[in-house]
Each structure stands twice: as C-alpha cells, then as structure tokens.
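Comments concern the structure below.
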Amino acid sequence: MTNEPIIELHDVAVEFSGFKAVSGLNLSVTKGELRCLIGPNGAGKTTALDVICGKVRARSGRVLLKGQDITRLSEYRIARRGIGRKFQVPSIFREMTVRDNLEVGYCKHLGVFSNAIRFRRAERDGLEKLAALVGLDDVMDEPAGYLSHGQTQWLEIALLLAQNSEVILLDEPTAGMTVQETMHTAKIFNSLKGRHTIVVVEHDMAFVREISDVITVMHQGKVLAEGCAADVQNDARVREAYLGSGGIAHA
Amino acid sequence: MIDIVSQISVGLSIASILLLIALGLAIIYGTMGVINLAHGEFVMLGAYAVWFLQTYLGIGLFAGLILVFVLIGLVGWVVEWSLIRRLYDRPLDTILATWGVGVILQQGVRLAAGAELRYVKMPDALVNPVAFMGYDESAYRIFIFVVAVALLFVTYILVFRTEFGLQLRAITQNRDIARCFGVNAKRIYSLTFAYGAGLAGLAGALVSPLKSVSPDMGTNYVVDAFLVVVAGGVQSLLGTVASSYLIGQASGVLAFLSDDTMAKAIVFLSVVVLIRLFPQGLFAMRVRRS
Amino acid sequence: MKGNGHIKRTLLGYFAFCVAILIVPIFISDAYLLNKFARYLVFGLLSVALSLSWGYAGILNLGQAVSFGLGSYCMAMALKLRTIPIQTGAGGLPDFMVWNNVQTLPWFWEPFHSYAFALFAGIAVPVAVAFLIGWFIFRARVSGVYVAIITLAMLVVINLLIIDQQRFTGGFNGITDLTTFELFGVQFDAYSTALYYLAAIILSLTLLLGFAFVNSKTGLILQAIRDDETRVWYFGYDVANYQNFIFCVSAAVAGVAGMLYTLVMEFASPTFLAVPISLSIVIWCAVGGRASLVGAALGAIVVTGVQGSLSDTQAFLDTWMLIMGALFIVIVLFLPNGLVSMLELIWRKKRPLQGSASARLVASRASRAGQATGHRAVSSR
C-alpha cells in the first residue's frame, strides 16, 4: 500500500447563510485507508463529506482528489472520477425493486444513448452476488420501499458496492442496525480496505474501533485530533470536547 | 415626457395587480408548498363577484371590495378544507388537483353566467384623471397602486408582527416541531390559503373595470404570477415584491415598445434564462437541507 | 420492472392492443366513423408522448400541446403550399397571407414546398423548442413544480405568438383549406381507410418501440430520476441530459401526433396549442395510467371516445369539461396511477407472495409504519 494521499482538504471553509459549518479544515486520507470521522453533533463531519463529494461548495480552500483540484466540480463529475457517497438520510429508490436499485447503481456506462439500447439482463449474476453479500438476495423483486430500516442500510451499502468507486464516503452506515448486523458491516468494510479508500462518519465507537486505521475527531468545524483509537481516546482536547459525556468511549 | 410618466404609471398598476396575485400565490406556496393553479380562477371569481354585486345588487366597487375579499376567501377555505389538505406530501399532484379545481370553477362560471364578456363600471369618483406632478394621471391606477401597497403593508404586519404570523413562519420552517409546540397547523393552513385566495379575488375585483371580465381571464394572470414567484424566489416576501415590480414594469414598457404578445414572450424568455443563472430566484436564502 | 413473467405479460397486453386497433377497419367501413377513430388514435399517441416524460421520468409537461401544435402546423404549411391555386390565392401565396397584404412568401415557409422537409420539420421543430427550453430548466435543476409552471407559461406564450403573427400563421383561424396528403402514391384523405391505418400503425410502432425503450437501462435510470433525482447524480449520471432527452423524445412523438392530426382534421389551428387541449392530455394520461404507455393510450381513447359518442354541442362540452375536472381530481386523490393500476392491484390480490419473502414483507411493513415521515431523503425540492 502506497502512502500517497488520495483525498486532501486544504483550509476548507463552508458557510450556510453566515453559519460556519466548517472552517480551516485540513484533512488528508491515504489511498486504501479506512478513515473514521467522529465528533459531537454539529462538528461538521457530514459537511466534510458533502464538500468532498460535491454536494456543497466550499467558500474557500481546496479539495483534491488524487492530486487534482475538484473544488469547483459538479457532483456528477466528481462521482465519475471515483467517489461514491452514502447519505445520512435513506435515499434508495423506493418505488423500484431491489434488483432495479442495484442495476441503477451499477453505473459503469453512463451515456443516455448507449444505455437506451442496453437491456438489463446482462449484469444479473453480478448483482445477485452483491445482494447475497448484504443479505438481500431473497427480496430482490420486492419494492425497495418495503424494506425494513436495517435492510435499507444494507441496500445503500450494496448500491455503493455496485458503483464500485475508488473512494467511498459513508454517513452513519450502521444507524439502526443490530450488533450482529454492525459486525457484519465491519467485516464487509474490512474486506474493502486496500482496493477502496473508505471514509466513514460514525457514532458507534465499537464499530469504529473494529474497522478504522486512523480516526479523525472533528469539533466545531475543525479537526481536533487525529490518530489511532487509543491515541485519540487519551487525547486531552478530545476529552474536553466530550466533557460530561464520559469521553468518547461512550460517544 | 408625458409618455414616460404615463408609461411608469401603467407599469406600476400592472405591477400592483401582479403583486396582489403573486403575493397570494407566494404565501400559499411558501407556507404550504402548494402550487395553486386555480389561483387565476380566484382572480376571475373576484371580477365576476364585483360584476354580480354591481349588476344585480347595485353595490359599487368600493363597498364591494371587502365583500369580495371575504367571499373569495371563503371559496379558498372550502377548497383547502375539502381537497388541498389531503395532498400536502404530493406537490405535483397538488398542481393537478388545483388545475382540476380551476377547470371546475371556470366551467361552472361559464355555464352559470355565460361565456360573453362582462363589463364592470369604474367608480365615478375615480373616473376623471387627477393632476399629479403636473401630468394627468388615471386616478384609478393610482388607487390600485395605493391599495396594493396598503395590502402589502397589512400582509407584512400579519406575517411578521402577529401571533398568527409567528405560527405561520414556524410551520413553514418545520411543521412537526411547531405542532409539538401546540400550533394548530391545519387551521393555519386553511387561513393562509383563504387569505391568499382573498388577495387574488381582490386583485380580480380591482382589475375588472380596466379589462373585460370573461371565464378564461384567469389563466393569463396565473401564468404571469407564477413567473413572478419563480423569478423572485419563493421564501422571500421582498423577492416577490421586487420581481412583481420588475416584471410589471418591464411588461408595461415592452408592451409600449412593441405589443402585448411580444412583451409576454420576452418576459417569459427572460425568466427562463434568469432561472438558469439563479435557480433559487433572485432573493433566496441558502439553507442546508438535511 | 419486475421479473420476466411480468414483462412477458405486459408485452402481450401491448400486442393485443395493437392487434385490436389494426383490425378495426375490417369491421367498420363508415368513413365518418373511421375518421373519428383515427382522431382518437392520434390522441392516444399524444397521451403516450406525455406518459414518456411524466409517467417514467416524473416530468410534468403542462405544455405538451406545444409540440403537438408545432407538428400540426408544419404539416399544414406543406399541404397549404400544394393546395390548388384557386384556394391558395394569387402568386402561390396562401390565402390568409394575401388577405394580410403579404407580398412574398416568408423565408421560413419556403422549405415546406418539400414533403420530406415538412415531415422532418414536424419532428425537428418541436424537438428543437423542447431542447432549448429543456436545456435551461433541467440544467438549472429547478424542481418538478417549476418545470410544470414554466412549460405552462411556454404554452401560453407560444399560443399568443401564433395568434398574433397572423400574417404568417393564419392567426386565430389557423391554416385551413388543405389539399390531401399523398405519399408513395397513396392518398391519405381524412376519411379514408388509409389514414386510419397510418394512425394505427404509427401508434402501434410507437407503443412497441416505447416498450423496448422503457425497459432499457435508460428507461430504468429515468424511473430512478423520478424516484429520487438528486441521488442519481451521485452515481455520475448526468441527470439533466437524461431529462432533456426524454423531454425531446416526448416532443418528437407529440410532433408526429400533430402531423397526423392535421391530416385527420384537415386544418391546423391555435386551439391545438392551447391550454384546454394540454389539460386534456394530462387528464387522459392520468385516467389511463401515466406510468404505462398502453394505459395512457387507452385513457385517451376511452375518454375521447365516450365524449365523442355522447354529444358535440357547446353546452355539453362545457358540462363535460366540468365533469372531467371533477373526475380528474378524484383520480389524483385516489387512483394516482390511473385505471391500469387497478388491473395491477387485482393481479396482485390473485397471486399472493410465496414463503419467506412474504413473511419478511409483513414484518418490514410493520416496522416501516414506525419510521418517521419527512424522510424524503436528499431529494425533492
């Protein structure tokens, strides 16, 4: 595994009608790494992901992907360069079947015209394997809107796997999952490390400890501390930020 | 010079009418997310109401105004209560349903009152031009402008300085939380819709002496009003006012330079281009959608 | 789309419909009736055009009549230029131009001397207008609601323009007194069997091609866009392109319908480009089932068929419109997917789900009921 950074944020600031969600944010993620972003609510974690994938535009600063400046690019161009994103709020295609959802996610071919003559039976097997991986193989033909909350999370992860991006950004992927499901998710993420670079915003510390190489703690729009789990837990500034909540062990 | 001044005054009265209609629309859309395609028919009903009051009951325009506001407001209330409230989570379907309401209202009027053009008399007091800044101005147009400004002021007070307005703004921002605080969303929605409808009816009443009254007069106005709302940005009262006056004035000038149709076409194209540059309208707030 | 079985069933339905409309002339030979039916088929085609954008991609085009009208005018212009000089007026100019003191044929009328050009224009002009407007509104990423308003405004404006420019367009009266269209030796008189077949064949072809198209990957992506437009961008698809594409395809189909309509009605008029007809298209589509091409066609045929068989008087039409308005509201409230969806419901009731999928479905529905509302995802503005 090389040590070249694949995602870099330099002094990024994002503002919403005067409210500084993120300011002076500096972040660097290495290729193949699994990075967790944690922090109290309002720390700017989701905004950080938003800036990387192009959902919001930085007021100042630069965002680099593989050394190239993507700060001003539209989100679909950023996606084409290899960034996939899962959002905090469930965003699957409720009226389509699970199978159809995965087919949309399988976005190797993007053109309107080329897709107009492309019929969908071709990728069937690959998608079924994907569904099996996340345990959705027996509901392939159900409308996605009928899935339970946990299953919806699975589908979202499966969509990202279908997209097969180099960089995968996830916002609270285990929200609402049982312990078992969380552990399964951890297994999947660990297997993706190396081939993919993963950045996860999470609250579940057990999960975070299980999967991450490096943890970045954010607070009030900036990076507060960075390091492996043990370092971060013992960091005085982090303790202070989480003052009263018994430290991040209970985050 | 006379032409320019009269041009400005014509533009102002067009803008004022537009403002009244757009205001009602904007309030309804801004608060409830409802696109009311029957809004034009509310305007039309206001005009017919005045004609009816004048022709059959001998009530003049001035006295009729309040009556019309209340009457059309009532119609709005009924529409909201019976139909709109079932469609809050379906914005595209609301458009369709209100379009249906518009059709029913228009056809109803056509069947009841006939499709011929009707005429409303201008109140005697305002028929003669008044001298204004050395030029003769149509008193009626000035009257329209004054009423529009007055209503704008009233609306502002209502929305920003009353308890009702506070609750209205609360449910606009976040309906569920506001309800947790005891705000009766249903009632507010009904009242808001009724208010918007009343404003439209008033606009119709005011414009009736200037143009003839017919069952299909509504469509033109609703399209103009929507362009105003789209250009100005929905969440902003200021935006609606500014773009009413911008578009009203521009229409007036363009109509003077070429003709009504060209004016409309140019305004339309301008709005389409404008929207490409400012998709949220000219005065939108940037909010993080979560 | 669901599994293979579903697709096969649907395709069968489409075939049945096509066969049904194609064999009508075997049983009906009354020229007047054939013309009426041809008219219904044209409306069916128009309804299909709207269904493509609205039902599949969620684009509510309230101005679909624009494409329709433009197509019809193109055909009318070509036919007018070939009409025997007696009706055309002096010097080969259409009569209304002569009445308006136009001296020479305007430049944009010239190419319509050729049928090939007219046929091309009947599709190209609506598509060009759609592409232009579409480029602005879809790139701007305005919400569906704004798209509806803007397309309605476009309709009103273009309608006014056509009426206004009566020196070039025949104004309020439109372009009348047209010769009969002839192609490859076949005369397509308004009351001929040939015209009926033309309409039926075009409708059938459109339905079958349309079916293939909506089952392609592009069709799937468009449905995803309808479901959650914002999410689709993040896969890298250029959503605006997809939207503009289907918008233009709809325009093309509506343009063809317009050309046929001129042949059926023997004139072109600004009423083809007006709000009432645009509203009707939406109603047909809603009644029949917007997300089903054949449903949309059926909706148009059934509604206009019933309307046509009852009466033609103005008083009736006004009342009919009122009833339609009410019916429309009822459909929007209770049957948003039209009558065709009723068939789907019946089918589902007869075929309950098997095994674990069923149990999971029941369980997940229960848990879903507990999920908060307002989770409209990262989507709709």
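Here the chain labels run A, B and C in written order, and each chain numbers its own residues starting at 1.
Here, a contact is a pair of C-beta atoms (placed from the backbone, for glycine too) under 8 Å apart; a residue touches a chain by one contact, two chains touch by 3 or more.
What you see is a predicted model; the values in this text were computed from it and never measured.
Taking the mean of all protein Cα atoms as the centre, the chain whose own Cα mean lies nearest is C. Using the mean of the Cα atoms as each chain's centre, the chain most removed from chain B is A.
With each centre defined as the average position of its C-alpha atoms, the distance from chain A to chain C rounds to 42 Å.
In this assembly, the C-alpha centroid of chain A lies 46 Å from the C-alpha centroid of chain B. Computed from the mean C-alpha positions, the centre of chain B lies at a distance of 31 Å from the centre of chain C. Shared interface positions of chain C, defined as residues touching 2 or more other chains, are 378.
Under the contact definition stated at the top, not a single residue of chain B touches 2 or more other chains.
Contact with two or more other chains is made by residues 89 of chain A.
Note for the complex: chain B touches chain C at residues 35, 37, 83, 86-87, 89-93, 95-97, 99-104, 107-108, 110-111, 176, 219-220, 223, 226-227, 230, 259-262, 264-265, 268, 271-273, 275-276, 279, 289.
Contact residues of chain C toward chain B in the complex are 58, 60, 62, 133, 136-137, 139-146, 148-150, 152-154, 156-157, 160-161, 163-164, 275, 279, 282, 286, 315, 318-319, 321-322, 324-326, 328-329, 332-333, 336, 373-374, 378, 380. In the complex of the two chains, the chain C residues touching chain A come out as 1-3, 213, 215-221, 223-224, 226-228, 230-239, 241-242, 245, 356-357, 360-361, 363-365, 367-368, 371, 375, 377-379. Within the complex, the chain A residues that touch chain C are 53, 55, 74-77, 79-80, 84-85, 87, 89-97, 100-101, 103-105, 107, 109-110, 112-113, 115-120, 138-139, 141-142, 145-149, 151, 163.
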